[in-house]
Each structure stands twice: as C-alpha cells, then as structure tokens.
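Shared chain: chain A. Partners: chain B in the first complex, chain C in the second.
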Partner chain A sequence: MSAENHISRHEALGLHGEDVHELYYQMVLTRTVDDRLWNLNRQGKVLAFASCLGQEAAQVGSAYALAPDDWLAISYREHGVVIARGMSVRDIFAYAYHRDNDPNTRGRQIPGHYGSQKLHILTASSPVGTQLAHGVGSAWASVYEGKREATIIYFGDGATSTGDFHAAANFAAVHKLPVVFLCQNNEWAISVPNTLQYAVKHLTERAAGYGMMGTLVDGLDVIEVFGATRAALARAYSGEGPTFVEAKCKRLRSHTTEDDDRRYRRREDVEADRAHDPLANLEAYMKAASLWDEGVARQAGEKAAAEVEDATQYAEASPLPKPSETLTHIFAEVKTDAHQNDD
Partner chain B sequence: MDLNQDRLVSMYRQMVLIRRFEERAADFYREGKIGGFLHLYIGEEAVGVGAIAALEPQDYIVTHYRDHGHALARGLDPKRLMAELLGRATGVSGGKGGSMHLADVSKGFWGGYGIVGGHIALAVGLALSAQYLDENRVVLCIFGEGSTNIGYFHEALNLASLWKLPVVFLCENNLYGMGTAVERASAVPSVAAKACAYNIPATRIDGMNISTVYEAAALAVAHVRSGQGPYLIEAMCYRFPGHSMGDPERYRSKDEVDRYREQDPILMLGKQLESQGILDEGGLEQIDHDVSKVIEAVAVFADQSHAPAPEALHEHVYAHPLNHREGAA
Partner chain C sequence: MTLITYRDAVRDALREEMHRDPRVFIMGEEVGVWGGSYAVTQNMLREFGDKRVRDTPIAEGIIVGAGIGAAMGGLRPVCELMTVNFGLLASDMLINHAAKLHYMFAGQVKVPLVVRAVGGSGRQLAATHSQSLEVLFAYIPGLKVVMPATPYDAKGLLKAAIRDDDPVLYIEHSLLYPIKGEVPTGDYLVPIGASDIKREGKDVTIIAWSRMVHVALQAAEILGREGISAEVVDLRTLRPLDMEPVIRSFMKTNHAIVVEEDWRTFGIGAEVAVQIYEQAFGYLDAPIVRCAGAEVPMPYAKNLEALAVPTAGDVVRAAKELIG
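Our next item is the complex of A and B:
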C-alpha cells in the first residue's frame, strides 16, 4: 500500500497526525502498565489480574472513538480502554495495590474491575458475559431519558457462548438500542480455542440471527478499529440500533497471572502470534504516513516509563483501607443496623 | 418417506384423539378437578403428530409444557395421561407432575418441562449421552418461538452444532409467547433464520399441513441420524384457545382466530382423505365416534382413580432416595 493510501486512512476518518501520535502513546502506555503490573504480581505486590497484551489497538482504538457522555460496560481485561478513557495511571496503580485512595473500588476489588461514575464506566463483573445485560440496560436508560448517549460493551469470544449474550443482543436489536457490541476475539477463552467454542467461521455471523449489523475488523489495526467503532456509534446515535463489531486479536500472555498457558498452547504458536503486534503494526503505518522518526518511540517509551514509575511510587506510599471501614463504599446507602428492617 | 393411506388415517385418528382428549380435559378443569394450569394444544396437533411419526422407537422426545398432544402422539396411555392431569396416583408421573410434566421414559418420552426454554439444554444433554454411548438415537426437542430469545436456546444450539449432536430442534411457532406477539420479542421473527448463527441447517414449514410436517421431520431425522449434526424446523402454527385456561386474549382479534380456524389441521386432513377417496364422510364420523368412546372410558378411569397416598410424598422425587435418613434422627 502506498503512503498516500495510508495517509488517507486516518485522514479520511478525520484524524490528525496528533491523534495518531496520541493513539500510539496510549498503546505504549497500556503495554508499559501491563508489563509493570505483571512484574509486580510476580513480586507478590499485586493480586491476580488479566493482561491485555496484544489487544492494545482494539482497546485504545475503540475507546478513542467514544464521546464523553457515552457509557462503557467492560470485562476484566480492559486496561487499555480505561487508559484511553482518561483514567490516570496513578488511579490504576492505587487500585492494583488496593489502596484507600483508589477511586475505582477503594481497594476492595480484584484488580482490573474498573468502575467510574466520572468516566461513565460501569463496574466490571467477574462472571463472563454479565456486563452484556448491564450495558443493554444502560443503553435503554439513555433512550428512556431521551439522552444522545451510546453504550459500548466490551467482551471476549468466550462470552458470546453465554445466555446473557443472547438475551442482551436480542433485546438491544428488538428495541433498537444505542449499543456497540465490541467483541475482542483473542482466540482463547482461558484454555478453550475458537474451534472448540463456536461452529460458525466468524462471530459476526451471529449478528444476522439478531437482525443486527455485524462488522469484522483487524483488531491489530488501531485506525481500522477506530473507524468501525465510530461508524457503529453513528448508527447508535441516529436510532438505527446496535452493531456487533468483532476485532480479531491475539492474546500474547496467559489468561491471567494465575494461568499457565504452556499446558495448552504450543510455544511456537505463541511465538508466531507475537509477530502480530499491534504496536509494530502502527509503527509501520506511521512510517509510511511520514508520522514517524526515531524520537517518537524513544519519547513515548520514556514518558510512559516515567508515568508508571511515578504511579508505582504513589501507590506504594498510599495507605491501605482501614479494617474498621470494611463495609464502607460497598452500598450506596449503608444500613447501620441490620435488624432495623426486620419488621 | 411416503405417507401411505393407513399412515394418513392413523395420523387423522391421533389428531382427533388429542382434540377430544383436550376438550374433555378443559371440562375437567372447569369442574375444578384439574389444579394449576392447563395449556391446550388445540390447533397445533399436526406439528406434534407429524413430527413424532418420523421417529423410531429408540428415539427420545423432550418437550415444553404444552405437552398433552406430544405424549398422546408418542403412544402414552391416554387413561394414565388424563389421570395425571387430575393428579391421581395412576397418572404417568404418579399424579405429582400434572399437565406440564407428563413423562414415560420407557417410551423415550422424557417429559414436558415447566421452565420456558430450560429443557432445550436437557435435550442437548440427552443427545450428548446418545453420541457418547454410541446409541443410534435422535432427540426431538420441541419448543415454542418465545423460548428462542432465552439464553438456554443460544447455549444449546451452539454446543449441539459444535459437537454435531443428534438433535432435531422443532420450534412450534404459534406467533405468541403468552400474550406477546413474536415481532415484539424478536428482531428476527423467523426462528429458522436464526439457525445460520450456529451453522445449523433449517427449514420453515406450514405446521397446519401434516404431510408437510411429516416430510420435513423425516428429512431432518435422516440428516441427524447420519451424524451430520443438528437440524432446525420452524413449524408455523396457531393455537385456537388462549395460552392457558385463564387467558382473556386481549392481544389478538377474534377475526384473526377465526381465520386460522379455517385452516384447522384436522379439517384439512379430513378433506384430503375424502378428496383422495381414502375415507368418506361416514368413515371420518366413525373415527370421531370411536375416539369419543375411548375418551369416555379415559375420563371414567381418571375420575375414579385415587389421589396419591400421603406416604408416597417422597416417592418419585429422587432416582436413589436417601432412605436411611429417616432412621438417622
């Protein structure tokens, strides 16, 4: 593909060179955060979490397309999404360290279950696929209140086999709700590969069963993901109903820090998957589009490393929640005396 | 796959048996002798009779709670079925299941189930057992269009297709999930169209025409039995009475019901038998007369049977009851 074509891809979507640099930085930052959290887990400082390595483009590209009023229903593997949404790295690390100043859950949840009223992120669920029903409910609320908001729901290939997916997709389609179903197909549901998960070739084929538009995109290509998400959002805002976007990605690490994929994944296959790197992909695009010089990578790397180092120090120095406050921040309204309501 | 004359007459007789059985059951209900709910199959008889005729004796049936017609078509004893509706000990489920839970495993009839859509997963489990044990069995899973928007439908169809399990999914699309019209509950109102999302072959047929149903079911059963995986049939049909006995039917017009009554599957097959010279009017009346006699005896048997004894409360609950518990205290 010629340089002109590459340029036309981001420019055709109304993105400037600064946007592409910003996308690149957010992807580098996501990877730096992910790497540091993984190392801290191995040091015993951070509890179990799910790495998003290999899915940076799918996450950053889609979240970058959102408007501030839109809502997000996420799974537990979306560090890149919350970074692109504007969560500070300090807040991410305060959460990972379970500190009292974590604005997500005040240190009360397993890492990665982000939630923020300010950023319109519904708190992530651990059960696979339940956020699909939450997200459709959120979109319904927007319609009910007459607001021009969409809800994007993030989930993986494994979640598409759950009943919640089916009920959510049907309901969203029947009522033409402003939903973007953003499936990051990283080829593995823990240890179950795609071939043992569904009998269709692409999950987008499922969309036809709901009378819904389905879009298949290269989840390693941040520009393509951005474009597909923005088109889906436009459909959502204009009342045309939900869209199913399948972003094909690779999962470059084990399912979580507690999983060892050597038991079910051949090393040579993992090595082959590493060649499909969304960052290298974007770098090649930027070179072709004359948006690259050696300073870009160096500056991004240094800036991300500094942010992550600062956030680590910040979290290390922050206090843990007090045992006496175990029950605060759990319910919106706290019943101080459980026997009060017995009548 | 040919329907010979004897087969057609036998199907006609089965449909009339189901119709008269249910009319008598409705009377029992109004007399207060049947408790709980009663869901009539009147108008949909051609679907169950036609599809079940395509099965072999070793095959299995798993169905929803509008199940009287399916049980009768499978050859369960009408006396014991009516007794079950009345909650009598002589009933097929010992009088503890009632209308929605008719079963006779000796006939491969695993039952009606009360949870909408829940039984679709059970059918897939039975199909997995048949495949695993290398038994030459097909499972016929019957459900309504309302259950296709439930999570179980999705999970079950995906697994059945993925593992090429021997299931025929038979959807009785009678256009209403209780009082909700199919277009109000499903953005894709054709259930057959949903099958592509699971890579399952599917067909949509006129469920009021019993020959069409039989032929489609025979093709589906042959496909499934040959190990090629599941098949889905969407049979378009219509229930003439309400959803259950207490349905005020505010969601459809009387004109609509009348229009469908003109396509009454029993009437249609009767006309076909007459026009093909298989039976004359007298022959049809004779069948009706014979069936009415049977139903009279069925009603007497059921009504004169006793309720289960209080001591039998714990029977038929677990396959292997923990009897030692009684003495444990």
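Our next item is the complex of A and C:
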C-alpha cells in the first residue's frame, strides 16, 4: 500500500498521529509485559499463563475503540486488552505474583484471568467459551437499564465450537443486544488446528446464520481492527444488534507456559508465522505515514521496560494474601446467626 | 393471614418483588405467554411486559449464564429452568461461575441471581424428569440451595432469595403446587439458612425438606396416635445448612430419622447424620436411620414410581423399629 493510503486509513477513522503512537506504545508495552512474564515463568516465579504474543494488534486495536462505559467479557489471553483498557502494569504483576494488593483476584485465580469492576472488565473465564454467556447477559443489563453501553466479548477460534458460543450468538441476535463478538482466530486451540474446529472458510460465514453482521479483519493490522470494532460498536449503540468480528492472527508462542508446541508444530511453520508480526506491521505503517522515527521506537521501548521493571519489583516486594482471608468472599454477606432473625 | 396455594405463594413473591424493585426480571423457557411450565408465571407477561418477563431460546446454559452477566451488571434476574433435571445443562454456569465469581474476584463482583427450578418425582415423568439433584448443588460452596415445603416458606424464602446478594438455587416440588397454607398479607421474609421445627415432639426427630416434610408430618400424625411423639425439622435451606435446630431436637429425643427423596448413597441424609454424630455423639441412643429414595433411575409405571420414594408408612415403620 502507498503512504497515501496508509495516512488515509487512520485519518479516515478520525485517529490522529498521537493515537497511532499510543497504539504503538500499548502494543510495545503488551509485548514487554508478555516477554517478562514468560521469563519469570521460566525462572519459576510466575506460574502458568497464556501469552498473547502475535495478538497485540487484535487486542489493543479493539479495546482502544471502546468507550469507558462499555463492558468487556474476556478469556485468559487478554493482556493487551487490559493494558489498552488502562490496567496498570503494577496491578498486572501483583496479580501474576498472586499478591495481596492485586485488585483482580488476590490470589484466588490463575494468572491472566483479569476482572476489574473499575475498568468494566467482567470476570475472565477459564472454561472455554463461558464468557460468551456472561457477556450477552451484561449487554442485556445495559439495554434493560437504558444505558448506551455495549459489551465486547473476546474469545478464540476454538471457543466457536462450544455450545455457549452458539447459544450466546443466537441469544444476542434474537434479542438484538449491543454485543461485539470479537473472535481472535489464532489458528490453534492448544494443539488442535482450526481446520479441526470448523469446516467453513471464514468463521464470519456463520454470522448470517444467526442473523447478524460479520466482519473479517486482518488481526495483524491494529488500524483495521480498530475500525471494524468501532463500526460494530456504532451498530450496537444504535440498536442494530450484535456483530461478529473475526480477527485473523497468529499465536506466536505455545498455548501457555505449560505447553510445548514442538510436539505438534513444524519449526519451519513457526518461523514462517513469525513474519506475521503485528508490531512490525504497525512499524511499517508508521514509516509510510511519516509517523516513525528511531526516537519514537527507542522511547517506547525504554518506557515499557522501565514500567515492567518497576512492576516486577513492586510485585516481588508485595505481601502474599493473608491466610486469615482464605474463607472470605465465599458469600457476599456473612450470616451470623440465622436464629436471631427467626425469633 | 390468607390461605393460598404453594404455586400462588411463589407467584406472589415474584410479583411483589418485581413491583418493589425494577431491577428484578424473569427469563426462561415458556415463562411468557404460556405462563411457565408449572403455571407459576401465569399472567405475569400481561402484568409486567416482555422486558421483564422474557422468553428465551432453549439453552439452559445461556439462561443461567446470561443471568450471571446481568446480575454482575446490576440487575436481579430470576431465571426459570423448566426442571432441575435440565439444570444439568446449566451446571457449568451454576457451579463453575455463579458459585465462584464473588470469591475468585476477591469480592469485587456480586452475583445476585435466583435460579428457580422444579425438582422431585411423583408425576410419572420417568428417569430424566424426576430427579432430586439438590445434593449436586448443595455440595458447592458459594451456591445457596433453598427448598421450601409450605406456601409460607415458599413465599418468604423466594423474597429473601431475590434480595440476597448471592446466587440462590430455589427448587420447587411439582407435587406441592396445589397444597394450601396460611401466609401473612403483608411483606415478610423467611431467612435463608434457617431450619424450622414444623411439629414438636419428644421421642424421635424426623428431618426432611421439600415434599418429604409432608411425608414426615403425616408419619408423625400416625405415630402420635400410636403413642410415639415425633418432632419434625424442616431444613428449608440445604446450603448454608442450619443444623442447630436439628441438634437441639436430637439432644431431646436421642433418635433421628432423615427422610429424603434423593438417593441414599452420598445423599443429603448422610451429611445430616454425620453432623449429628459429630456434634451430639453422647446423646445417641441408636444409629440414625435414613428413609431414602430407591437407588434406581426413576421408573415410569405408577406403581413402580411409588415404590421408589419414601412414604409415611416407611417412616412409621422405621420409627417403631427405632424406638422399639
């Protein structure tokens, strides 16, 4: 594509040069966080987590399109989403180290399952696909209360095989709910390629079957993802119902730290995938759009590294959850003595 | 006080709570025009409109799952499952999500969700429509399980469930819908997690919940005529399980029978019995007896179905052997 085209793409969406720089920074930060967590895992300091390497554009670009009041129903791989949403790197690391000051789960969940009422991030699901049900319920609540809010639901290609996916898509379409179904098709569900998940060429073909709009995007292109998400949100706000967005991307690492993709992937294929790098993609775009100079890159890298270093030290120095609180929050309120009410 | 049916008690609780709190709404299969598979939500569509009484596609997982999302979003959904047997299709949502989100996210979110379902046998609906599955759900920390036996409790407990900030599985018994009982005219609540003495006695403690409370009461009546005084404790809530009235009663009678429609092995009676052993071993005059459902997928034929569920006769026989 020519530089003219590149420029018109972000400007046509109303994005300024600063927005592009911000998107770039968030993607760099996401990758720096991801790399550090992976290394900390190898050092035995952070237990199992799922990397989002290769999916930064799909995550940051879509989350960047959201309004502050919108809700997010997420899965376990969405580090870039929560960064774009404004979660601090300190909070991310306090969580990964399961510390008492983690505002997400305070030692109660596996790393990466973010949940923040403050940021309107619903509780991340680990049973695959279940967040789809919660997300349509959240959208229902917005409509019920007459609020101009949408819910974006993040899920993978594998999740589209679940009953919850079907039920949620149908439910949202039938009730015309303000939902963006954002599928990050990273081609794999652990070791199972997406050719064993579905028999259509693109998952967006299914959208018509639910009576909703389907949009296929290059998930390596942050601007395109942003644009498609924003268009889907506009439909949601104006009562036109849900949209299915399929962002094709690559999973550049094993499924999680506990997986080893050498058991099921040829190295040449992995190498070939590395060429599909959303960050390199954005860099090329910025160069063509005259938004790039070495200073930008260096500054972003240094700032991200400093944030991650600070967060690592912060988490390491933070206290573990208090054993005395192991049994708190099982029920919302602690019943003292039922019989007092009775007599 | 007015005399109303159990079905009306459930409906009145729903209606009153919906009038009281605009965040309360109903969703489920057949709840709208049809009025619910057991006619509980009859006429409610007309009264509240389709925003608040919402028919959903047939997908139990999404009914409860969307209910969870809506509850986290600040609403107070009452989801109806046609029967608790279909609740198995929503068990992931109940067990892996509703019960755990408040804990896993360190108190950040609340899930004030009520899931209503019909349980139990007695209508010749055979093995997949007649189960007493309460133990599966009562086993789960974080989930409240309520099973009222009378119109009074049905209304007061449902209102309490709707106002509760935790997920509550509220299981109705299909054979109880026509029974009548007194309920106060005004607003009242029955606390979740409080067992109740339904009949006082001194020789034997009979513990039951849901329809088996009526079997226990019938047995107590017969035993009374034969000179055995039975105390009947209705658990009303299975989690949190309130054993205090049971233990207090047992310390007086020194004999206990649990009457349960669910299966004996690994059933709720086993838990109740072991808690009595743990908390009142010194008061034990004889082993605790369980009158429980036969360990069989529920047969269809009327005579066979009747054999699979405890009767007042079974309880009377057990009590006589026990007191001897």
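FYI, the second predicted complex is superposed on the first by the 330 of 343 C-alpha atoms of A that agree within 3 Å, B and C clash if a C-alpha of one lies under 4 Å from a C-alpha of the other, contacts with A are read in each partner's own complex, and residues count from 1 in each chain.
Going forward, a residue touches a chain if its C-beta (ideal position, glycine included) is under 8 Å from a C-beta of that chain, and two chains touch if they have at least 3 such contacts.
If you're wondering where the values come from, they're calculated on a predicted model, not measured in any experiment.
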item: Partner chain(s) touched by A:S324 [first = chain B, second = chain C, both, neither]; value: neither
item: First, second, both or neither for A:Q43, with chain B first and chain C second; value: neither
item: First (chain B), second (chain C), both or neither touched by A:W140; value: second
item: First, second, both or neither for A:V174, with chain B first and chain C second; value: both
item: Larger contact residue set on chain A - chain B or chain C; value: C
item: Touching partner for A:A208 - first (chain B), second (chain C), both, neither; value: first
item: Which of chain B and chain C A:S161 touches, first, second, both or neither; value: first
item: Which of chain B and chain C A:T130 touches, first, second, both or neither; value: second
item: Touched partner set for A:L122, first chain B, second chain C, both or neither; value: second
item: Chain A positions touched by chain B in one structure and by chain C in the second; value: 163-164, 166-167, 170-171, 174
item: Chain A partner contacts - residues on chain B that touch it in the complex; value: 149-155, 158, 161-162, 184-188, 193-200
item: Complex contacts: residues of chain A adjacent to chain B; value: 161-167, 170-171, 173-174, 196-200, 205-212, 241
item: Chain C - residues contacting chain A, complex; value: 23, 25, 51, 54, 56-57, 59, 61-62, 64-75, 77, 92-93, 96-97, 101-110, 112, 141-142, 144, 164-166, 191-194, 196, 240, 242, 244-245
item: Parts of chain A lying in touch with chain C, wherever the complex brings them together; value: 71, 73, 102-106, 108-109, 113, 115-117, 122-123, 125, 127, 130, 132-142, 144-145, 151, 163-164, 166-168, 170-171, 174-175, 328-333, 335, 338-339, 341-342
